[in-house]
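Both complexes shown next keep subunit A, but they swap its partner, so subunit B is in the first and subunit C is in the second.
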Partner chain A sequence: MKEDNPAIQAQNISPKVASKTKRKMKSREMAYYFMVLPAVILFAAFHTFPALQGIYYSFTNWNGISLDYDFVGLKNYINLFKDVTVLDSYLFTFKFAIFAAILVNIISLAVAIGLNSKIKGRNFFRAVYFLPNVLSVLIVGFIFNFFFTNILPDLGEEYKIEFLTTNILGSADFAWIGILLVFVWQACAFNIILYLSGLQTVPSELYEASSLDGANKWQQFWKVTFPMIAPFFTINMVLSMKNSLMVFDQIVAMTGGGPGNSTTSISLLIYTGGFSGGEFAFQSANAVIYFIVIMLISVFQLKILQKREMDM
Partner chain B sequence: MKKTIAILSAGVLSLSLLAGCGGGEEDSSDGKVKIEFFHHKREGMETIDKLIAKFEKENPNIDVEQASPPEPSTVLRTRVSKSDIPDIIGVGGDMTYKDLSEAGVFADISDDKSLEKVQPAYVQMLKDVSGLEEVYAIPFATNAVGVIYNKAVFTELGLEIPKTWDEFIEVSESIKAAGKTPFFHTYKDAWTTLPSFNALVANTQGDDFYSELNKGNILAGKRYKEAAEKMVQLTEYGHKNQQGVGYNDGNTAFANGEAAMYLQGVWAIPEIKKANPDLELGVFPFPATNHADEVKVISGVDLILGLAASSKHPEEAKKFIEFLLEEENAKQYIQEQNSFSALNGITQDDPSVADLKASFEKGALTDFPDHYIPTGVAPEKTLQTLVLEKDVDAFLEKLQKDWEKVQDRK
Partner chain C sequence: MMEKRTNWPVTILIALGSILILFPLYMAISIALKNPQELAQSALSFPFNLHWENFTRAIEATNFFSALKNSAVITIFTLVFTILSNSMVAYAIARNMHRKLFKTLYFYFVSALFIPFPIIMLPVVKQTSALGLNNPAGLILLYVVYGMAMNIFIYVGYIRSIPQELEEAAIVDGCSTWGVFWKVIFPLLTPINATVGILTCLWAWNDFLLPLIILSDSADATLPLVQYVFQTEFGTDYNLAFASYLLALAPMVLVYLFAQRWIIGGVVKGAIK
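The block that comes next holds the complex of A and B.
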């Protein structure tokens, strides 16, 4: 729409042709605007606007239902840093997210390499590994909840395996591992697909050339495959880290944040405290801080990993 | 042409999304007045359906719709915050009632004639919980917490119903010695620690606990000590996987005779009977202390009937509330729900709760202490840690701090 479109200026063409092209460009641009407009409006109405409202409420003492509320300035933010429950939930979430992101990436990459090789029933296996992604997270959570509560303890009794006889979801020290297992199992599906598409972009000539030079499979992976799929590694790292920082459904279905607060993630704390706990404004402040934290982490990851892509 | 279609379809799409948010408030087209009854008794939906059918027969121009979603308190709060308030609201006499009253959701019914039908103790309970002089809802049904026990096991081992705490522990010891499980604890669901904790706290926290609380003094850290120690003691008489099973598992296990006693409210009885209709069970008052005469049974308001101030059809809504308060209908509700009535002269005659009857008759009742703890404190989470770690001091300190913290934020 801009009059000084650099693309047109740069080309040395007659004004008549230019104006014609311009008009053509204009109508094409209009079409593009119409394509993005509905999404922008919906996004603004259902995402940006509520987010701004949340920031507004974080400076008040609104409890979520009362008719009036007062501005309290930064009080919520100050209380946030004094609250042990909030601190504990940050520690849990980061511990969880780091383990989850690393495990998801290692496992997905390994499985993707397997699924990319010429094995029998390759498409069947691809479908099997993708299946968890289309299942509802909550239902998977409930199924595993049943598995940990009823099936595993029975197996433990049967085969005299002591640590299996009690439900690990009821243990303050190990409940998070149960949730981690389910999370990783389900999250891998999507990352495998991303890695698979990455692996298919690696030209087979590179492998031929490297094997002529006498590289073994291990060297091929580190010197050829891994550098070639670096952009996919970046996006997978960022996405899986972000997703595991937002962990919510699995916890609701499996432990409800317990025992005690040992598996209360930040998202869960914001939800339970904000809606049923009557601390809407306080948890809004928590959400604002958490939004900033996630954004910083994502930007930081992108910067570091993209720099690494250049170096390779 | 293509562009027009694109714009149109985008417009239609976004409009239909918006339409999904609004609407639903119109009266039905056949001229009937539609009122909504929102309540938190999911177990009672069937009974209420029957009562609604009867009401609609008597009042063909009124259409009553009931709603009872999971996580009712959260759903209700969300609906109130966007001013989509049901005509009749049925919650417990707890912090949700307090918050809704303070928010001005209910119509003031302090002078309503229907209140005369209600036992004054329960009206007082609502006043105490909300800390307000006005009454905003009619107490309808009440519940009770006791010790649910398997009669067959008690007869087999020749045990008497314990009247004091020491006898209670003795009974548990003999059940354990006989190779059976005394209690089926279900600590995986944090809230299932609350019934026994409430019974213990109510009998040990001291009479001036609430009056001090109203002055701003939180005494939880000091006064909950005895209750916390007894909670820890009770964990010794559970089963091996008590940290790992929840409420539903507990109901089934107790129904199948896996334990002699079960620390729950009477609301669990219909669920237990569903799992095993032949089980002979009873409920005795929780012997929280060694002073048998002073032990009070925990009984709180389980279901209130509150008229929304914003209701468009207050007359019709009131009519339905009055219908529920009629003796015959109130009786049907408590019989099918195994609960107790807040109304004068309506008694629960089910043999399973016969042992509680004496307490009800002499008025040895007291409200749930956790109805006075602000929702943000979430004592059940701290209790779940207590029964796991068994560290009484840490529990008291955390609960006290959490309570002060929430009060500070107001």
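The block that comes next holds the complex of A and C.
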């Protein structure tokens, strides 16, 4: 538009006016650049630059404090694959994320279908189910920490349920389940609301037609409801998987990564190892691998789930 | 699903499920209002003797009002700067998507959605402390910058659905690009500003990791961070701890009680865009 504005040419106005208009056009264009410039600089300085720095440090042996450091090439990356703590944290995080994503989506979809049917006090219940989403994850973790440590064992004693009498957060085998429950409790809030808005896009005629065809509720769900809300399933799956791979606050509030390393997630390990363990460079390499893993999973999930969407 | 009558079995199931949501909050309130003897007898029984002094103790012990002020200042400034700056950047991008540079910028910002924070976490702490930004001002800056990926994605989608005729009319009237944005476009963004505002507030208010690594002075601590810092001091004084937790949760819960429909609507719009 800057060079040959047809309006200016067609009107055949005096060159002076034309150049003035041109100048005006130019400042109009320039304004767009000034609008984005500060944001680009800040974003590059505080997002892209530290990310690149992280990659840079991952090839060094810097401990985060000392004044000098050396390049060590791929040594950190090679050591990552030999480090038991790192491997354990990946195993824990993946186990956690897979269970979390599946549970969150099943429960959310079930609750959303319930909220979408003809029930009493629908708006009230919708508000209740969304409430956990406005609460601080850390504080919710503290509240549940007390529940698992003090209340559940008491209930176990009282009702003679052997399994509950010990604090599950103190058990290397079961602590992750406690964290999983808290994560699911809170993460469902957002997913329920998303599924609910998805269900409301399904036209009621479709249900009427399918019940005329003699479909039962179960068939109706798989043949009508689910295909119609498939895009919501895709976005919910990707989001909940990504969020659960990043789990941090709940663990800080409930186990601190223990007992042992049994509930140390990847982000927690990068935090503790990087800041207080003198493993700045090593954990930077860990973060790079973690970034690649998260990206691959997100892209993979989107591809698979979108293909499913098309098939349906 | 098409029954005209109320579906009672589902209503009952949904009601039972909602007890699971409300139970931890009941437990928190019940513990916060008891004294240690009553708590030792039963944590879940209804608190008949209301020990409000737990709350006054918590306010004093954790310097609650200072943390409340810190959280409020950080959230409000983040909110204002985010809405003003991110909407403007998105406008410039949305109206120039046919240009290679702006299209590249769009993908540059939005691709940050895929970058997990831990890869930035370690270097950014060094960077902010070197620049003297290990304080609330630095935290606000980081929230505004890190929110951009999501917000620009939301804003650009919305702005592209606004017809350009309105802007053209303003341009003919001699309005500059800045004028067009502030006088014509920005007022039209109110619904999506609400969405971005709600998401930003919930994030900045409840976030724990960023204040934990960025803030160096404990006097600057936000509400969630204070709960973390005081964990050892609370020790086994659960009544005090839970009073403090509830005080920290209360402001957002109160806002939610009054604006629940609006907040849910805003969050949904942000997710579907």
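Please note the rule applied: the second predicted complex is superposed on the first by the 267 of 312 C-alpha atoms of A that agree within 3 Å, B and C clash if a C-alpha of one lies under 4 Å from a C-alpha of the other, contacts with A are read in each partner's own complex, and residues count from 1 in each chain.
Here, contacts are C-beta pairs under 8 Å (C-beta built on N, C-alpha and C of every residue); 3 or more make two chains touch, one makes a residue touch a chain.
These numbers come from a predicted model, not from an experiment.
Colleague: Based on the superposed arrangement, let me know which partner A:P227 touches: subunit B (first), subunit C (second), both, or neither?
Modeller: Touch status of A:P227: no partner.
Colleague: In the overlaid three-chain picture, which partner chain does A:I266 touch, first (subunit B) or second (subunit C), both, or neither?
Modeller: Touch status of A:I266: second partner only.
Colleague: Looking at subunit A, does subunit C or subunit B touch more of its residues?
Modeller: Touching more of subunit A: C.
Colleague: Taking the superposition as given, does A:L194 touch the first partner, subunit B, the second, subunit C, both, or neither?
Modeller: Only subunit C; A:L194 stays clear of subunit B.
Colleague: Please work out whether A:V252 is in contact with subunit B alone, subunit C alone, both, or neither, and reply first, second, both or neither.
Modeller: Second partner only.
Colleague: For A:H47, is the partner it touches subunit B (first), subunit C (second), both, or none of the two (neither)?
Modeller: In the superposed model, A:H47 contacts subunit C only, not subunit B.
Colleague: Please indicate which partner A:F275 is in contact with in the superposed arrangement: first for subunit B, second for subunit C, both, or neither.
Modeller: both
Colleague: By the touch definition at the top of the document, which applies to A:A287: first (subunit B), second (subunit C), both, or neither?
Modeller: In the superposed model, A:A287 contacts subunit C only, not subunit B.
Colleague: Quick one: classify A:M35 as touching subunit B (first), subunit C (second), both or neither.
Modeller: A:M35: touches subunit B and subunit C.
Colleague: After overlaying the two complexes on chain A, where does the subunit B footprint on subunit A coincide with the subunit C footprint?
Modeller: In the superposed arrangement, which is not itself an observed complex, subunit A uses residues 31, 35, 38, 42, 64, 150, 275, 280 for both subunit B and subunit C.
Colleague: Which residues of subunit C touch subunit A in the complex?
Modeller: 1-7, 10-11, 13-15, 17-18, 20-22, 24-25, 27-28, 31, 43-44, 85-86, 88-89, 91-93, 95-96, 102, 105, 108-109, 112, 114-127, 141-142, 144-146, 148, 171, 176-178, 181, 202, 205-206, 208-209, 213, 223-224, 227-228, 231, 238, 241-242, 245, 248-249, 252-253, 255-256, 260-261, 263-264, 267-268, 271-272
Colleague: Using the touch definition up top, name the residues of subunit A that touch subunit C in the complex.
Modeller: 27-28, 31-33, 35-36, 38-40, 42-43, 46-47, 49-51, 53-55, 57, 64, 111, 114-121, 123, 125-140, 142-144, 146-147, 150-151, 154, 185, 190, 193-194, 197, 204, 207-208, 211, 220, 235, 245-246, 248-249, 252-253, 266-267, 270-271, 274-275, 280, 283-284, 287-288, 290-291, 294-295, 298
Colleague: Inside the complex, what are the residues of subunit A that reach subunit B?
Modeller: By the definition above, subunit A touches subunit B via 30-31, 34-35, 37-38, 41-42, 61, 63-67, 75-76, 79, 82-85, 148-150, 153, 165-172, 255-262, 272-273, 275-280, 282.
Colleague: Once bound in the complex, which stretches of subunit B touch subunit A?
Modeller: Touch residues, subunit B against subunit A: 3, 6-7, 10, 13-14, 17, 71, 73-74, 77-78, 80-81, 95, 99-100, 102-105, 187-190, 240-246, 249, 374-376, 378, 381-382, 384-385, 388-389, 401-402, 405-406, 408-410.
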